[in-house]
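Right, I'll just put the structure down here and ask away after.
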Amino acid sequence: MKGVCEIRERIRYADTDQMGVVHHAKYLEYFEIGRTEFMRRLGMPYSEVEKRGIFLAIIEAYVKYHKSAKYDNTIVIQTGLKEAGRVKVRLDYKVCYEDGSVLAEGYTVLAPVNREGKVVRLPDWLRRIFEEAR
Amino acid sequence: MKGVCEIRERIRYADTDQMGVVHHAKYLEYFEIGRTEFMRRLGMPYSEVEKRGIFLAIIEAYVKYHKSAKYDNTIVIQTGLKEAGRVKVRLDYKVCYEDGSVLAEGYTVLAPVNREGKVVRLPDWLRRIFEEAR
Amino acid sequence: MKGVCEIRERIRYADTDQMGVVHHAKYLEYFEIGRTEFMRRLGMPYSEVEKRGIFLAIIEAYVKYHKSAKYDNTIVIQTGLKEAGRVKVRLDYKVCYEDGSVLAEGYTVLAPVNREGKVVRLPDWLRRIFEEAR
Amino acid sequence: MKGVCEIRERIRYADTDQMGVVHHAKYLEYFEIGRTEFMRRLGMPYSEVEKRGIFLAIIEAYVKYHKSAKYDNTIVIQTGLKEAGRVKVRLDYKVCYEDGSVLAEGYTVLAPVNREGKVVRLPDWLRRIFEEAR
């Protein structure tokens, strides 16, 4: 993982389910929060990427759950680059408690698509941004 | 309420929270399911409204909660037109169990906006659609 | 409004919908984030309230939407106490941009319920907490 | 995959994001809808499993996305059993359009936990239920 960045987030009540813990689908939202921060640190906020007509669509997602998080807990989301190829980018994530104990980890594979939703090659300006992650 | 229509929906597990019942924000999603069905019955699916460049943005929402719904319960969402004016439309909703006992009721006020998010007058073709609700 | 507190939050991508802005139901989650912070500032985190066997169930919710918020925007959630009675508590909210322009405002009415979901009187220890809001 | 069952679902507006399609995290909710139906068909609704004190916690989840789904589309969720072992159960899913074209596929691995959230062995009564899937 290159360019690992961290961001803190508090668990919303609405993120829990009747098991009394965070619903498992929410971790994909936490990964997304991490991804947003990761792009911002590289100097290219994802909102800017979309303004330029490129959308990073998720084509694969994987999560391994270790512990369950609870309402109002503070979590730390770590995000790093695994690889940025011509038509896909893989980011890895770790969601932890502040003491470092791991709640979940996983990855997402993203493909650049244009406004029409068609897969395109990763534009040079965006590839260079990812290459700066180290 | 005019043109009242009904649609059944099952409570998703993800709709619950740690209180063991449906999270209160989800009722706005249930109202939305009702609204979607209401438009379809009028012969103008909301997806078609958006294709024509009109978006019905929520400008006000109210919910009164009577009973709590649970995972896997079947609910009945009733939707009807309260009024359709020049720049706003009000729809009323009732969410019930199949035996008719009321879980929640409320309303949303919608304003027609264009692709740029600017409020516009309700187009004639859409006003006529709402007038058919009786 | 008494005891008004503020908390900042960033809009998650998952909070948006195809209109390109925050889905209206998410404001109830933002109010909830405000409520969580409000209780914490009073020295009684809501998670602690639930541990003591009291759940504050929403019995009424209202939102008036002024402007739409977008992905990655920073919002400020203001929460204050309107009134705390024997069987209900009303909190008021304002969601703003950092420059103070209002995105949405509204309120929720909460009723204390016990573990079985039955409405109870607001316990003295909790009533006193709310009275400290000024 | 054994005991494959199908259930239809309509895409909620709230399930979309600003890309104009269903947010990727929602597929885990669709898998969950499929899982709920799968258990019901086996004669053991998941709500009943929880009443008996067993919770099937997700310990792993994977999704591969092929096409994007849109608001108000009808999707078909197929769910089948891959394997039910002593401490984990794997279910496989396919989310399709009604014409059979695949939107996404994936799996979840579930572990039986008790009310305290501790992993336990799959109880015999539940193992037998899964064995009936064929």
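Brief remarks on what is shown
Letters A, B, C and D name the chains as they come in the text, with residue numbers starting at 1 for each one.
The working rule: a contact is a pair of C-beta atoms (placed from the backbone, for glycine too) under 8 Å apart; a residue touches a chain by one contact, two chains touch by 3 or more.
All of these numbers come straight from a predicted model, not from anything done at the bench.
Ranking every chain by how far its Cα centroid lies from the centroid of chain D, the top place goes to C. Just to note, of B-D and A-B, the chains joined by more C-beta pairs in contact are B-D. Of all residue numbers used at the contact between chain B and chain C, over half are used by both chains, marking a mostly same-residue interface. Centre-to-centre separation of chain A and chain B, using mean CA positions: 33 Å. Taking each chain's centre as the average of its CA atoms, chain B and chain C sit 23 Å apart.
Centre-to-centre spacing of chain B and chain D amounts to 28 Å, using the average Cα coordinate of each chain.
Multi-chain contact residues of chain B, defined as those touching 2 or more other chains: 13-14, 18-21, 25, 28-29, 32, 71.
Of all residues in chain D, only 10, 12-14, 28-29, 32-33, 36, 45-47, 70-72 touch chain B in the complex they form.
Interface residues of chain A, counted against chain B in their complex, comprise 13-14, 16-21, 23, 25, 71. Chain contact summary for the complex, chain A toward chain D: residues 18-21, 24-26, 28-29, 32, 50, 55, 57-65, 68, 117.
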